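Please go over the structures that come below.
One chain, chain A, appears in both complexes that follow, with chain B as partner in the first and chain C in the second.
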Partner chain A sequence: MPSTTSDQPAAGVRAPLRETAVDALKIVIVGGFGVGKTTMVGSVSEIQPLSTEEVMTQASVGIDDASRVRTKATTTVAFDFGRITLNSSMVLYLFGAPGQQRFWFVWDQLFAGSLGAVVMVDTRRLEESFYSIDRLEHHRMPFVVAVNRFADGPALSSVRDALALSPEVPIVDCDARERSSCKTVLITLVEHLARMHDLSPVRESTP
Partner chain B sequence: MTRRAIDQEDPDRLYTVTGGRTRADETAFDSVSLVVSECRPTPGMQSEHVKILRMTRRPTAVVEISAELRLPVSVVKILLRDLLDTGRITVRHPSAATQAGQPDPELLKQVLIALHDL
Partner chain C sequence: MSTIDASRSTDRNLDWLLENLRTKTPGIRHVLVLTRDGLKMCYTTGLERDGADQLAALAAGIQSLSLSASAEFGDSIGAGQAMVEFAGGLLLIVPAGAGAHLAVVAEEDGEVGLIAHNMNELVEQIGVYLTAAPRQAETSGERP
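Here is the complex of A and B:
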């Protein structure tokens, strides 16, 4: 692939998928500003992470509590993504998404049918994760928690308690800059999904 | 990344691109549906349609088209709907996103194998 000095991906440098690609999967990485979502996407993606936007359509109003934004014409949410070719037919898209309130208005438009989610946590700002965890539970989206270590911090067991995680939800340390570490997080998520499948043919409903 | 093109953009552009339509049939495309062009652009075709047909000679996900055209995903879905209705593209739908409930265990196994091999 030719290098380019521009940060804007030009048409010529796009890396196309294989002709045989038929099935795309999604995993969403949710977290607050600066927590390392884009770094994680970049560490495992085979393409330079791309950025785009979604606007909330009328259809989303009423699904979530959109009362706060009803006076605004559109709600725009920016997000990053990358991809991993899994084999000749399957490709995995990784989305880095802000956990802020307005992001959840476009969840159904963009992320319905995701395999699962990674909640990325900075232990210095744990409170930023509460809302995302609540929303993922609301959408019945399975997730794992990845603690991106910026400095020494509390043990994983303390973070688990502080976030009031269910015992079955995996929590792991992660260095978003390290490809192998991000790979481990993704494997932890997919193993968690497989385990849930084995344990309960019908996913337990949570109020 | 905090690009805010849409917030700053003249809304007329989005209106013109879609011919004033604001909604696509949401069921026709997932954000990661893979789009493949079935023909070459023809003279007189809307410039966004021309770009999409060129871009999708190889399978391309809806979000990648959105990033390249710098248009919101839902606007791209409207443009794609035109091309689908006239037979100019075909769509490969994501299996996990179209099935209700949990992903197929066989699919998860394949994902795990691929991730281990990364």
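Here is the complex of A and C:
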């Protein structure tokens, strides 16, 4: 047999889930300004998270609308980084994106090599998550939607409709301040990824 | 937006000092003062508004990562200076007054030692004016 296997692209690239003993998965956490991305990385990480929080200055009044999260004094200016070991064979590397438009240029770097994403939404400002969902769909990156409940809000099914999510996209409730809640979101994502990777060979074999 | 434009008129003297830094230092293309949360405060005339917005955001990101690097691997926490070299240019950033940084884009062959020296000298002279105060806790619906 000719040794073409080593330089065969694509096939193995999107399905590394079962090929290594310890799977290190890069996951990005995206969403609008102040929805709780940094909070989530902080609550769930088992290492001291890298944070690039900077105090919001007076120059940001009128640019960054913090009226919905009044306790918020800082904002992410590069990215958050944390790590969580889900079980003996799976480690997630979490990259929290910056939410403000002026830092969106960082997103492409964060997306490189990522296998999946969490989109955090605040139901009081659903429209702020449209950009995240568009970007993920554009990159064809699988994602789950985590509804960070700041207050009572619409049921998950109406959030799903409002975001026009396709039926296979999981949507779950979440409290970004609770470790167990964040972990549930991540497990939902990993299961979603596994499902997608299991399905794809079936689809490919029936042209 | 309005706050920044309003502040520009009171920043005339700062503008002049930034222009002065640029003209007296060979190789400097642009000078910009930015807030730590990534917004432009004042900058030299050759820089377009969009370029200034972009430079402010990315310089804030670089300085924040530098700070994390110094916390992890350095002796003490504190933003040092950062330098990025790329084909066709150089970017240097130093901390300015509280809440602010000073960034310079220079020619590739600019003399880094001299540029950094002049930047730090400017910060020593006028660092107290190059500050960005934390914003006040927001009251509902408040707009500038």
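Criterion: the second predicted complex is superposed on the first by the 133 of 207 C-alpha atoms of A that agree within 3 Å, B and C clash if a C-alpha of one lies under 4 Å from a C-alpha of the other, contacts with A are read in each partner's own complex, and residues count from 1 in each chain.
Everything that follows uses one rule, which is that a residue touches a chain if its C-beta (ideal position, glycine included) is under 8 Å from a C-beta of that chain, and two chains touch if they have at least 3 such contacts.
None of the values given here were measured: they were computed from a predicted structure.
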Touched partner set for A:His139, first chain B, second chain C, both or neither: neither
Chain A residues touched - chain C or chain B, whichever exceeds: B
Contacts of A:Glu54 with chain B and chain C, given as first, second, both or neither: both
Touched partner set for A:Arg102, first chain B, second chain C, both or neither: second
First (chain B), second (chain C), both or neither touched by A:Arg149: neither
Partner chain in contact with A:Thr75 - chain B first, chain C second, else both or neither: second
Contacts of A:Leu110 with chain B and chain C, given as first, second, both or neither: first
Intersection of chain A interface sets (partners chain B, chain C): 50-55, 57-59, 74, 78
Residues of chain B that touch chain A when the two form their complex: 1-7, 22-23, 26, 30-34, 54-55, 57-61, 63-64, 66-68, 70, 72-75, 92, 94-99, 101-103, 105, 107-112, 114-116, 118
Chain A to chain B touching residues, read off their complex: 9, 11, 14, 16-19, 21-26, 38, 44, 49-55, 57-59, 74, 76, 78, 80-81, 83-84, 86-87, 90-93, 109-115, 179, 183, 186-187, 190-191, 193-194, 196-198, 203
Residues of chain C that touch chain A when the two form their complex: 1-4, 7, 35-39, 41, 53-54, 56-58, 60-62, 64-65, 67-68, 99, 132-138, 140-144
Interface residues, chain A side, partner chain C - complex: 50-64, 66-67, 70, 73-75, 77-78, 98, 100, 102-103, 105-106
